[in-house]
């Protein structure tokens, strides 16, 4: 039935919208911290895409229940990949913020157009 | 039922993202980012990803918000409006959006069991974890043993971020590393949060250790535990002030934690090589392969937990120390 | 005898859960409708604590005597501990930084 | 069944909280919304854990119950620094 | 534990695990010594691997003891062997020469962290080349790019910071695009192992997610490899980085992204009939445009380092043009050019580092009559410049010649491309000659003689100069006897085109 069909793809459409919001923020905004926030939204959208891959209708989280035999489980592999990707995202964010702090100290501003004029 | 959750949570996610990008006050954006990560974590939980939800909770609510705020404290909080780059941005963004929307048509529907993803590699993990690893949490098994090499790379990404932040923020030309700690002693006249904080911090650390060693049987593991314990110490330093926190966990101890965490992970792998197996092949550590794998995974997760905790703490203290003497212009 | 007790427990927990969700809704509406920050903080924090109490006790009754009930109790304990603290810290910091409650502003106009 | 109703109530409250977070004139309103949102997430996670019948996933709600305070206190502390630094008393 | 069986794993693990140890070594010179020792060890391992590959077998290594699609598998063949040689060779040479130049630019208490980041960069790059798992490439890509940001952020003047920030943003977007591409392929095939993926893709290439995944992987890796329109981050990053870091990154930084790009396009998307034609028709104009525009910009560039950075962008255009011919000799030419360009550009940037020890300002017109006080360095710069142009007898000539032969084979529209290659070589002659002219210019009388001599100390024979001479000698040696790289290049083109040899 149509609605259920549409909902099946709602996750991927929200992934596309979030990706665009993040990508727009990274490109269009001049403030360096706003760019980093946009970058983290951009990466969160990718995590959403991976995790919405692993859901199985009627399945539960892939921690095997001791007693139950015919229990359907969701796919563990995208979750492992995203566990790694989340920590990669935080690491890049921390490094980016350290660079922004140093730029503020040396240039006095964190607006990209003012930095370009300064040199 | 998941459909109702999906609609509510995902629409809220989009609204928050738009609000984050629109608001010109950076403080507001950071606060909305913490709501964004809360929503992401709930989304992950609804989509059956318990471990990922716990990681997003521990990392998103605790560490990302605090690092953003400490960076904001050192830079400006008001974004200057800038109309220049909008045209190209919209074109590029529109192009990528059309590419992705074009791709979504042939994708399998959310949750349909015969999607190719569930046919090939995943069933092996689900069937064999119980008898090869002896514990039910398949995600921890895949994370630390089947794809342990990824996690090793991951620990070294955290290690790289930690030495990167220390390297970039320590650029004091001439003078040695003088860590003038913050003159402010935490939330000065907030007695009640301090008292509650003193009660809460040990419980958060206890919960962190529970998550660390309970990783095989329920959602948990090294990353989550490291992040939670780091959040506990960050809360302690927020309430008691920088000096007390640095007395509790001095800077050298934080770096030591990161280094021996990373080395512990590496050395277990090398030990497996010496004892005849491949790198990170725990089954050679002892005669019974299942217990050998469990021992290997516990040591690995401990290494990961120490590395992540040490890294997040040293990053936080690098930012916090920075604000104390950002007055003198580092030349 | 036992299943009569079970039914009562079920009913009580259902009632508690319904009370809890009503409180939650009231809190949400209150936060939006209230005119000033300090009245909003009342709406949010009071219903928040009440909802935690009602919902979690309802769930503990549902969970019966098990590990889940212990976990639920722990969560309730920490939520009751941290919720009011955060609200206090928020209100205190707002007041200290000179955020005048609306009523005070009105009085000045009056005299 | 009842859990579905409770979770819907919590979801609606979350939407209201986000409305306040976006609309809120002063920073404190937004902070109030963030705090409220945090506790509601903890409630929602506990209810969902029950709704899906996986009661051993309550650790997540416990994590949120503990960590939610850190975000709010961090914002308060850095906002206070901001005020002491340049003394503006305005909320926003 | 026999040594030879663990070679691929050792290649990655030794630099990776040495990094935390280096951070512990606070005493001044020791961090540099330990890092150089590790770099030479990894160079020795890659030579051993190359020897095994030349003997004809492909090294496989199952990480954690799990077989291929379940666990992560390392797979080293001729194509990865030659890139391994480039990375560890460039690392060894740039580190052995780095002592004084780094002491000059980085404070002492930060040096252990800096050298640990250098080792992580080596481990990240090597990890990307050695592994045969799509997501593992992303993880090691992150390690190498994070370490790269740290290395470049070591640069002394303040313009380094915006350059590094732009590189971080663009690098992360590139890596995330790659992640989206891998995610979509995984969604349709269910596996992450490259070989397994190649087999499972055969039946479903016409499906939309796979085509979009190919596009995303291409864009992401083109961003990382600084292909022409997406190269905006490279000139600033290489110009403001510490001199020795530029030597290392110029020689192997972008090459690894090109390696992964070719590996994906040829091994996984090979089976698409018309896709590869699209890939070629899409890539060739970009590469040609890149060669011309980058060479022209280099022509009018004042700063010596920035000029060489733009010429790097042009050279990457050469490499990808060779690959876009999709013929056996085309890929041989592009792989060979990766090797030769690493040698040439390494030598040029070593000469720049040596000039920097005497001249603070590296603008070309401020290096007036530098040859009088630094004869050896200038002479080495001339030879390296000739190799960049492709004068017979140098390594550059071999790869240019191979490229032109490959183009001739394609027959019909070959003339335009040969013309472009020749024109860009002429432009290269242009900007190299401009530098040589100022180096050997006779000091004009308005510049008082003694002023020139007093400020400029005579050239000091140190490790930097020895490394420079050695690299230039290698340039000439591989120009005359291109045995090793040529055979490896031919082997790798057969592997990429899946020709059973």
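Every chain is named by a letter (A, B, C, D and E) in the order it is written, and numbering of its residues begins at 1.
Definition applied: a contact is a pair of C-beta atoms (placed from the backbone, for glycine too) under 8 Å apart; a residue touches a chain by one contact, two chains touch by 3 or more.
No experiment lies behind these values; they were computed from the predicted model shown.
Listed here as common contacts of chain A and chain C: B, D. Under the touch definition stated at the top, chain C and chain D share these contacting partners: B. Set against one another, B-C and A-B show the most C-beta pairs in contact at A-B. For the pair chain B and chain D, the distance between mean C-alpha positions equals 19 Å. Averaged C-alpha coordinates give centres for chain C and chain E that are 60 Å from one another. In whole angstrom, the spacing between the mean C-alpha positions of chain D and chain E is 48. Shared contact sites, meaning residues of chain D that touch two or more other chains, fall at 14-15, 31, 33, 54, 56-57, 59, 62, 66, 68-69, 73, 76, 79-80.
Contact of a single residue of chain A with at least two other chains is seen at positions 19, 23, 53, 60-61, 63, 77-78, 81, 84, 88, 91-92, 95, 99-100, 102, 106. Annotation for chain B: residues 30, 50, 72, 100, 107, 115, 117-118, 121-122, 125, 147, 150, 153-154, 157, 160-161, 164, 168, 171, 187, 190, 193, 196, 200, 203, 218-219 touch two or more other chains.
Working note: touching chain pairs come out as A-B, A-D, A-E, B-C, B-D, B-E, C-D.
The residues of chain B lying in touch with chain C in their complex are 187, 189-190, 192-193, 196, 199-200, 203. Taken in their complex, chain E has these residues touching chain A: 135, 138-139, 142, 146, 149-150, 153, 158-159, 161-162, 164-165, 168-169, 172-173, 176, 179-180, 183, 186-187, 192.
Chain D contributes residues 4, 7-8, 11, 14-15, 18, 21-22, 27, 30-31, 33-34, 37-38, 41, 44-45, 48, 51, 54, 56-57, 59-60, 62-64, 66-71, 73-82, 84, 92 to its touches with chain B in the complex. For chain A in complex with chain B, the residues that touch the partner chain are 4-5, 7-25, 27-31, 33-34, 37-38, 40-41, 44, 47-48, 51-57, 59-66, 72-84, 86-88, 90-95, 97-102, 104-106, 109-111, 113. Every residue of chain B that touches chain D in the complex is listed here, in rising order: 1, 4-5, 8-9, 12, 15-16, 19, 25, 27-28, 30-32, 34-35, 38-39, 41-42, 45-46, 50, 53-54, 57-58, 61-62, 65-66, 69-70, 72-73, 77, 184, 186-187, 190, 193, 196-197, 200, 203-204, 207, 210-211, 214, 218-220, 224, 228, 231, 234-235, 238-239, 323.
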